[in-house]
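Worksheet: the structure to be examined is printed underneath.
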Amino acid sequence: MGKKAEKPSTNKPVSRATVPVSKGWTHVDSKGQARMVNIGTKKITRRKAIASGTVRVKAETLRRIKDNSLKKGDVLSVAKVSGILAAKRTYDLIPMCHPIRITGVELSFSLGQAPPRVDIVAQVEATDRTGVEMEALMAVAAAALTVYDMCKAVDRGIQITDLGLIKKSGGKSGIYLRKRLSQVTMK
Amino acid sequence: MGKKAEKPSTNKPVSRATVPVSKGWTHVDSKGQARMVNIGTKKITRRKAIASGTVRVKAETLRRIKDNSLKKGDVLSVAKVSGILAAKRTYDLIPMCHPIRITGVELSFSLGQAPPRVDIVAQVEATDRTGVEMEALMAVAAAALTVYDMCKAVDRGIQITDLGLIKKSGGKSGIYLRKRLSQVTMK
Amino acid sequence: MGKKAEKPSTNKPVSRATVPVSKGWTHVDSKGQARMVNIGTKKITRRKAIASGTVRVKAETLRRIKDNSLKKGDVLSVAKVSGILAAKRTYDLIPMCHPIRITGVELSFSLGQAPPRVDIVAQVEATDRTGVEMEALMAVAAAALTVYDMCKAVDRGIQITDLGLIKKSGGKSGIYLRKRLSQVTMK
Amino acid sequence: MGKKAEKPSTNKPVSRATVPVSKGWTHVDSKGQARMVNIGTKKITRRKAIASGTVRVKAETLRRIKDNSLKKGDVLSVAKVSGILAAKRTYDLIPMCHPIRITGVELSFSLGQAPPRVDIVAQVEATDRTGVEMEALMAVAAAALTVYDMCKAVDRGIQITDLGLIKKSGGKSGIYLRKRLSQVTMK
Amino acid sequence: MGKKAEKPSTNKPVSRATVPVSKGWTHVDSKGQARMVNIGTKKITRRKAIASGTVRVKAETLRRIKDNSLKKGDVLSVAKVSGILAAKRTYDLIPMCHPIRITGVELSFSLGQAPPRVDIVAQVEATDRTGVEMEALMAVAAAALTVYDMCKAVDRGIQITDLGLIKKSGGKSGIYLRKRLSQVTMK
Amino acid sequence: MGKKAEKPSTNKPVSRATVPVSKGWTHVDSKGQARMVNIGTKKITRRKAIASGTVRVKAETLRRIKDNSLKKGDVLSVAKVSGILAAKRTYDLIPMCHPIRITGVELSFSLGQAPPRVDIVAQVEATDRTGVEMEALMAVAAAALTVYDMCKAVDRGIQITDLGLIKKSGGKSGIYLRKRLSQVTMK
């Protein structure tokens, strides 16, 4: 029985490595089990991803951020640093993400009026076997949560919305480009 | 001159510690400089926070998540684990957050139809000097990004929305309760 | 319908928090869902746990470790440092573990002859609401893997065995004490 | 004298870099000092490692894991996620390990009856200058400790055994293959 | 013999816990072995530590930092964020440090002229069983290295000097206060 | 206006990526905003950096370190391990640093008499698109702080000085070599 019990466990992963994954569902193998998809055979190419998100605040909070940012820019620059650091730690937070040697990260913030909000855009680049969408999304999420954290004492109703991918290039799937949901819903 | 140069730098933090922070703006001192607010004098009380967020997916993606979750529940249980781990690492990602000894974390997921989406709710508890809103928000954000990551190969247009605080109790500011923006906007 | 979809997700965690967990199965709630059990109501007491494990090596490898340790003790002192650091990071590696303020960690190593091996014992202490068994086990595991790593170039057949809890005190469940499996199987 | 004191410290590492390490003892230099061996001149090749380990539990615990896994599979899927995350963090836990861009991780679990146990197998792949044995071993260790953590409330006597390397390919040393100690000892 | 080999390893830590450490040498036990000293019996008191350090730069670099800081203050505010985050991670970087629940961190920077330099002062507070000197020193070190990193492209000769403790209060050893070495050497 | 608000935020990073950075100030873009400079177009070459620093201690402390190091070498070997681990985590501590696949790290320590001190030298190597100065400096800083931590109970006046770059090779800027400030100031 020992044999009977050992065999499957020792052989499964080996055989499994060659099992085709269910259609387009790269993070779930043919048995519906989560796994970190093998990218060993993918080509190393230049990858770029741009993600964005919106932090909806009260007009009063927006004014405070603006005054502060004109003086010292601290809220937004703390948010920027947290976004850059979080991008580098994506593989450590999102279980199925691969460690990637990021070659560049940029975050920019713009303050909007109707509704009052901080729009955050992150661009991440890498030269690797897989894309950097998650790194860009993580950068925006961490920066947005940092804005939330630094304003929450004066604004409990802050909402983070429209966090999604804007653009992606590099890799087999080629270029992906979209309009922001916010533009659609805001019309 | 050495003296002149030394004095301010050595004395500033000492004096600064007693400087009242600008009204309700706890993360920014009177000079508009970011800092980690001192909670040493706050009372240790039982704290609870509930945050929620929504991952908007295609109907087809929702169906796949549901089928998969009925079989193995892997997408949602991977997301749950990432949310629990992220909650514990909040202080390490959000610069001005304090390390907190979390005493409990729970995440729950519900699949909604119109629009097709995964609603995520996280509840975090601690007995400490400061609240756990950021921990609850971070748990939802990481879980949502994990759902995104595991579905992105089949659905590039995923959006994370309505990430915000639902309920908060414990501490000087007492109980906070609100309706979800999604309920409002979905009417 | 929005209401219908919202309610469960928003209410579940609240109700769930009061749901009795399945008998003695503290990490799985009544629905069989994994969660980080809530220890908020547990008493803060002095906790101690001792774990041990064995690294089985070739006689030649044991001799090298011994010679090296008589000279500089480097293999074992690197292993010790990795064990102490890993104990502090247990909550970050084991999903359902709580962050604990460890108050002390000690590791000791002894070289055994029949079979040739390194026995590792870790003792961890904390004053907290939950025990430190996992911290002690993690310390032994990391130290054992470090010994493995530093010897693997000369010994590919190393095995880590008998990793388990030796003693535990503090908390509601009181003192736990056991003989090591190795003592049994080695008779 | 400053000169006398400076010279050795400034020159040593430079000269040392070219010092041949003691026979096959790659983590210890000619002076018996631990160091992170320089792999800069090694060839980048496809690396694969398979490690396994066993978690010995009570029959009753095995039954609970099985029932739970048939329902939700949560214990094992939480363990799987912790194993995948730990594999990516190996270089951060084992002092002399190099950071590696892992390209894939898979864990599989099988439940055995005599003795009652959970057998864990991890396969890790990378395309790099050094192997991934430690990453595979770390994945199994973290997954095993997670199973331990989630079952310990009902089973204090759990033991993790037979943690070792099963197979290794890629790199100068070529393929390595072995039988599991458990198969031997279980006869 | 198994007995002979087991006994010391299993008993040592237990006995050792009660062994008096060598005079004032708290991180090294009576056998000269490194260990994480047990603070379980120490009183929980309010702790404060102030550390400082100096980054010596070229006059030209100082001018650039100043101009930049008058405009956006980015170099210094990035350094500040890195210092705050590093303070929280001290226990994870310095092997024998205990995890501490920091209650506040502040960093301040002052630009000095003769010699051209950035003086950094960090104040850390906690209510715990051990002091926060290392946290304050780590905050200054990380902030100084961040200044270095952001200026190194234009100034390769940057030196970090005079990193030490300025003031310490709380705990058995009471208040400690000193002059900065730089004040002495600069006379 | 939504359009007006959206455009800049979505386009800025794209355009910005092509904006020339201000002369030699690679971490600050043309608007004085901090960013993680894009190294995607840099050549992959063999990089090496050597950094050093000095821990000034009391003669009595030096004697204790020496005695201990002759017996077990524990203080210095704990410091060495912390330096190696910190080097690998540089990108996670210094916000604008890139993740780098380090191929080797070596630390060496020498004890000096006038003044009593521990000189630390770290050499880091990598084959990557950017240099490893920060990794070498971080290794020295962490090792120095660990020496501080392990001696502070008997020596509160410890100072870390002269932390800087000694040598650098690889990359466009070629070789950099300098004398240590300590040699200058000690004459």
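Letters A, B, C, D, E and F mark the chains as written, and numbering starts fresh at 1 in each.
Rule of thumb we're sticking to: a contact is a pair of C-beta atoms (placed from the backbone, for glycine too) under 8 Å apart; a residue touches a chain by one contact, two chains touch by 3 or more.
Since we're looking at a predicted model, the values are computed, not measured.
Undergrad: Which neighbours do chain E and chain F have in common?
TA: A, C
Undergrad: Keeping to the contact definition above, tell me which chains border both chain B and chain C.
TA: D, E
Undergrad: Do chain A and chain F, two copies of one chain sequence, contact each other through the same residue numbers, with over half in common, or through different ones?
TA: different
Undergrad: From the C-alpha centre of chain A to that of chain D, how far is it in Å?
TA: Chain centres of chain A and chain D, defined by C-alpha means, are spaced 29 Å apart.
Undergrad: For chain A and chain B, what's the span in angstrom between their mean Cα positions?
TA: The answer is 16 Å.
Undergrad: Could you pull out the residues of chain E that touch at least 2 other chains?
TA: Where chain E meets two or more other chains at a single residue, that happens at 33-34, 72, 74, 77-78, 81-82, 85, 89, 95-96, 99-101.
Undergrad: How is the touch graph of the chains shaped: line, ring, star, complete or other?
TA: It is other, because the touches fit no line, ring, star or complete pattern.
Undergrad: Give the pairs of chains that touch; include all such pairs.
TA: A-B, A-D, A-E, A-F, B-C, B-D, B-E, C-D, C-E, C-F, D-F, E-F
Undergrad: Can you check the complex and tell me which residues of chain B touch chain A?
TA: 24-28, 31-34, 53, 56, 64, 68, 71-72, 74-75, 77-78, 81-82, 85-86, 89, 93-97, 133-134, 137-138, 141-142, 144-146, 148-150, 152-154, 156-165, 168, 176, 178, 181
Undergrad: Sort out for me which residues of chain B touch chain C in the complex.
TA: Its residues touching chain C are 46, 50, 52, 77, 80-81, 84-85, 88-89, 99-110, 112-114, 119-123, 125-127, 166-167, 180, 182-183, 186-187.
Undergrad: Which of the residues in chain C come into contact with chain F in the complex?
TA: Listed in rising order, the residues of chain C that touch chain F are 72-74, 77-78, 81-82, 85.
Undergrad: So in the complex, the part of chain F that touches chain A is made up of which residues?
TA: Residue list for chain F touching chain A: 1-3, 5-6, 8-10, 12-14, 16-17, 29, 33-40, 91-92, 95-96, 98-101, 128-129.
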